[in-house]
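All chains are identified by letter, namely A, B, C, D, E and F, in their written order; residue positions are counted from 1 within each chain.
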Amino acid sequence: MRTDKRSLNELRRLTLKPHPNKYAEGSVWIEMGDTKVLCTATVDEKVPPFMKGQGKGWITAEYSMLPRATQTRNQRESAKGKLTGRTMEIQRLIGRALRSVIDLQALGERTITLDCDVIQADGGTRTTSITGAFVALALAVHNLSLQHNFNRYPITDYLASVSVGVIQEQAMLDLNYEEDSKAKVDMNVVMTGTGKFVEIQGTGEDAPFSRDELQKLLSLSEEGIRTLIEKQKEALGPVGARIGATLV
Amino acid sequence: MRTDKRSLNELRRLTLKPHPNKYAEGSVWIEMGDTKVLCTATVDEKVPPFMKGQGKGWITAEYSMLPRATQTRNQRESAKGKLTGRTMEIQRLIGRALRSVIDLQALGERTITLDCDVIQADGGTRTTSITGAFVALALAVHNLSLQHNFNRYPITDYLASVSVGVIQEQAMLDLNYEEDSKAKVDMNVVMTGTGKFVEIQGTGEDAPFSRDELQKLLSLSEEGIRTLIEKQKEALGPVGARIGATLV
Amino acid sequence: MRTDKRSLNELRRLTLKPHPNKYAEGSVWIEMGDTKVLCTATVDEKVPPFMKGQGKGWITAEYSMLPRATQTRNQRESAKGKLTGRTMEIQRLIGRALRSVIDLQALGERTITLDCDVIQADGGTRTTSITGAFVALALAVHNLSLQHNFNRYPITDYLASVSVGVIQEQAMLDLNYEEDSKAKVDMNVVMTGTGKFVEIQGTGEDAPFSRDELQKLLSLSEEGIRTLIEKQKEALGPVGARIGATLV
Amino acid sequence: MRTDKRSLNELRRLTLKPHPNKYAEGSVWIEMGDTKVLCTATVDEKVPPFMKGQGKGWITAEYSMLPRATQTRNQRESAKGKLTGRTMEIQRLIGRALRSVIDLQALGERTITLDCDVIQADGGTRTTSITGAFVALALAVHNLSLQHNFNRYPITDYLASVSVGVIQEQAMLDLNYEEDSKAKVDMNVVMTGTGKFVEIQGTGEDAPFSRDELQKLLSLSEEGIRTLIEKQKEALGPVGARIGATLV
Amino acid sequence: MRTDKRSLNELRRLTLKPHPNKYAEGSVWIEMGDTKVLCTATVDEKVPPFMKGQGKGWITAEYSMLPRATQTRNQRESAKGKLTGRTMEIQRLIGRALRSVIDLQALGERTITLDCDVIQADGGTRTTSITGAFVALALAVHNLSLQHNFNRYPITDYLASVSVGVIQEQAMLDLNYEEDSKAKVDMNVVMTGTGKFVEIQGTGEDAPFSRDELQKLLSLSEEGIRTLIEKQKEALGPVGARIGATLV
Amino acid sequence: MRTDKRSLNELRRLTLKPHPNKYAEGSVWIEMGDTKVLCTATVDEKVPPFMKGQGKGWITAEYSMLPRATQTRNQRESAKGKLTGRTMEIQRLIGRALRSVIDLQALGERTITLDCDVIQADGGTRTTSITGAFVALALAVHNLSLQHNFNRYPITDYLASVSVGVIQEQAMLDLNYEEDSKAKVDMNVVMTGTGKFVEIQGTGEDAPFSRDELQKLLSLSEEGIRTLIEKQKEALGPVGARIGATLV
């Protein structure tokens, strides 16, 4: 049995509170158990230099943890003077994942920056950030759609993410910090509302895994992500109506 | 009349929520109007190199704003690779102010780090950080006092801070962002529970001020800080009982 | 048909030249088509601070590209003053992958650093680096074994890596640069000699992929890695004899 | 009695030598006791990006200490790779203070940079820098006025600065290093020729101070600054004639 | 006798392999004994800001060593976050030396960057880099000359470099690492095909040297460089035909 | 004729003022024409890590220019966050040159740091720094000798430096900035009191030079340095008596 009494395929309690921030074009406060992340979406009416003149938009993400989000205090990256490899890896992942469900052409020459700030960390901060950032992005794009007449709606599908892992030969869904630190295999999966994979990042540093184990982990994650996307739909309500739809 | 209908000597609504963080030795969520700051206190059983071997403790502070705490998004200092002068100035101020009411000898060879992370900014983030950080510090020291038998209680007095300013010849208490950006004179004041000044930082870059104006601003700030300290006492309740008291 | 006339499941020509460097404890020059990487292994008789006192060793990797390894010249990271996110992600991956087949306890308190310097890049530099670094590591550990009497041989299995991808609905093995830049799905797989997965990193930023497509990519990579490991065995000859063997 | 036999309200010996540098548009060598600062003013016929297109000028300052300006050698900030918080705080203060007596509109779209390099430090380096930088600025503006026909003279008033402090319950003017390190309360005051405050920065980290003590310190500083401005007028002679005057 | 049995005025075995890199506009693999350097020339059709609008080109160089080019591993400068003084000194030297035989006017508004990456180091890496970089530069300029009709050929002379030194009172040519570390006087000389000096950098940190010793070292280096330039001519063949020639 | 009417072999006016700094163990203010450098020597009773346990001392140097030491203002290296290649090259040269006349064994396990801060620059700042730094070093070593009973006096010879160059086919001594910027050949020479060379750095970027020209430049520099060392002896007086002498 799991330390917090969940069954193997059970998600932690999820909270999705829209609009916690009065300035951002879209924002959401997401809690996945004791993991708490503030996601804000900022719209900028221009694109980075490498995207200029293509008539397309851009989505980018930044990720950070407050120093005392964790059991022991971490030094701030601003004080160190540079981002750690872990932070860069995570923010590249979040941006890439979100772009997979955005029609950059339809978005037009503007950038949306998703800031994912981990207020408290208890495992799964990168997957929770993706799930929350999608909602903040959806709110910001909806806002844009009230001002701009999008020919095609720029969001082509829902998107959420969850972690899965193997602990003592058991495949489990949505690991908390304690479980994560004991897992021999650790996998982060990002999927769309139509059930396709966007990212699979599986690591067996402590114990390489077989193709069978992989299948079990994939099935668990599919199940979990389906539930997460239900919750996103509830949180967005009518704001999510046009996601994946095409206006003719 | 002020944009939010307050009278000239009226503070914004203050919220002080203890224990928002499950890991920190002390933590408080403070809201001063729409300015929201998460303050955490981390206790470390050693002191920085320059304090070693003196039998004394150390209090230090770090300050940061989330990128979208403000109307337009600010680049992260971790991405820039260095702290701005403003950030350094503020965190030096917070640390210095808190140390003024701490008996470092009584605290013993340990460091308490106060992290003040501005979740949303609407003026007065440095003064709100000081007022909140004091409460987080008091919670952490109380925790320590349950484990260690302090001869003298390490906190010698209450401490809070407020901003005052002059707008169109009117002295006002507790400026919000809009007011702050119109103020010709801007002053941050830190005071103790016994009514003494710890820091006065007044600037008249846009309009030098007379000694008379200074007197009015000081009176306003005394009044505001007295109210803030009342609220701190309410929030701390019995935990604050030994502040300023000496065990014999 | 592929631009270089390979069939879909065909690897590029592989060269593995041991001992190109006269100083390193182990070194290999690897070419995978036009991708050329110099891998050196440096043995250091101590471990990094976070591993001290555990009686275990450590394996770490660094990755870099010469500025003109690519079609257009890249600015040196030393001149920029920091590593890019891509570099950090790759060197974390290489280190993690190699550690999965090392018995750190058996290695004892020493660090082996694998430097993977890309002399020329034509796609698959990270997977080629892993395949080459394993050989350099095996040479260095063999050298160590001649001086130290390992109870258990520290290398528990062979390890190699390959990229696979989907281009115009076709799953393909070992993409060169031109193919890589057209691929909708891109996956890097690391496997052991006994056919277990160590890392799977699949990305469908441009086109999410189905579970069926995933299966095809995994099968292709299994096939490719089996061949690569044959070549590693040839290159190592008797030096590889004790890999995965346990002395009693 | 004070270590150097001054009375409580007595300034140290002041030297103001104009034109020590053959290249700068304005320069002054200032000595305040054993504190020696070289101040140069550089005129640049453009403004920083954030000021562009407003038809206004800009004044900025940089501050630095030679490594052996102090009793023990300090590491160069250029070798550390970053400015300390103290340096940033001081150069922000100097710039802000000088701007308070400049009519940026009248100055027109040009920047004047004041470099304050401390050759030897014996307390009061920031206040001495302000007093000296004002003179260098006045020399540079006078030079400009010979080439450009200013409608309004860009300098609206004189400006000087002094430190005051409390040592053993005694308020004192113009602390040297030894006094400064013993002071319980430390205050830097910047005032104009017409007796208005531009900056008040008072700190009682070691001992919070009462409103009465504050009044005494302000009176001392008013007195000291009045004298300093007399010396500035002498040093400038006819060059200072138009300061604060308006041509109609 | 020298450790590798060379006579005092004998160069090490020299290898110059053109075109080791498939992307660069010019490239050469140079070996001088066990010192191995990859030199690539990159042509960029613009000049750095400080050269703009003068109708002239620019030649610049970068130098780096792979971490395990040496007996013990060196930390990467990219990981340190900055270039060492030694690296900067060497790349400034290489650039300056190459520019001495280039007619920047004739080259036109383009930049050629020479990357000298030391694959293995056994003394004389900077002089070997210059000798190799000249050949890579010649290949790149020849390529340019096939596309652009140069009025004057931009390379005005051949250029090569060698080290000389004094060990146990003996002047020697082309020191290897072991010799270099025992030399009391160490000198790097760069000369042109017409026998003129471009750079002389002699250092006697361990033992100042007389004018007589200097003469001997200069004679040795003249002899060595003459041989090196013969080898460059062989390696370039007809490509070098127009070097130093002027079309009318 | 030269712009300042000097003859070809004439030095600029030299000033050497000892003890301009009240804290440093040795200091000198040196002026060579309009080039002005403050040199301070700081004694530290320990050596850097790479020298530990050898029973020997260390001499190191740092060099910097004030931002307005030159005709146009230079950005501070502390603001850029790194040293330029030029600065590193110069401070390595100064340290190396001074070490050539120091018996590090005799000095014992202590470090002397020479700070050369250019207050005003008019050509020859590096050579002037060496000439001045030697005097500051001699003052500091003399001070040390009053407290420690050196068996051998740690300074083995005098040391000075001068620049020479070729302008319009004329070899000239001690170039000022205007001359330096027109020189086709530029050489810095460091010599000892007994007439030996410590450093020769000659550059003919704009025009390679013949061996004959080199001889002329060397003769000029020998002559100039002889005069400079006379001046150093005058400035040091009896303090210089033991330089080069050995106590038995």
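By our rule, contacts are C-beta pairs under 8 Å (C-beta built on N, C-alpha and C of every residue); 3 or more make two chains touch, one makes a residue touch a chain.
The structure displayed is predicted, hence computed values, not measured ones.
Chemist: Which contact partners do chain A and chain D have in common?
Modeler: Chains in contact with chain A as well as chain D: B.
Chemist: Measuring between mean CA coordinates, which chain is farthest from chain A?
Modeler: Farthest chain from chain A, going by C-alpha centroids: F.
Chemist: Give me the rotation angle that lays the C-alpha atoms of chain B onto its copy chain F, rounded to the nearest 5 degrees.
Modeler: 120
Chemist: Which listed pair, A-B, E-F or D-F, shares over half of the residue-numbered contact pairs seen at A-C?
Modeler: That interface is repeated by E-F.
Chemist: Take the average of all CA coordinates in chain C, do the same for chain D, and state the distance between these two points in whole angstrom.
Modeler: Chain centroid spacing, chain C to chain D, equals 60 Å.
Chemist: From the mean C-alpha coordinate of chain B to that of chain D, what's the distance rounded to whole Å?
Modeler: 29
Chemist: Based only on mean CA positions, could you tell me how far chain C sits from chain E in angstrom?
Modeler: Chain C and chain E have C-alpha centres separated by 34 Å.
Chemist: Where in chain E do residues touch two or more of the other chains?
Modeler: Counting only residues that touch two or more other chains, chain E contributes 81-83.
Chemist: Can the chain contact pattern be summarised as a line, a ring, a star, a complete graph, or none of these (other)?
Modeler: ring
Chemist: How would you write out the ring of chains in order, opening with chain B and then chain D?
Modeler: From chain B, continuing first to chain D, the chains appear as B, D, F, E, C, A.
Chemist: Which residues of chain F touch chain D once you look at their complex with the stated criterion?
Modeler: 21-24, 27, 34, 38, 40, 42, 44, 62, 64, 66-73, 76-83, 87, 113, 115, 117, 119-120
Chemist: Per the contact definition, I'd like the list of chain C residues that touch chain A in the complex.
Modeler: 82-86, 88-89, 91-92, 96-97, 99-101, 157, 191-192, 194-211, 214, 218
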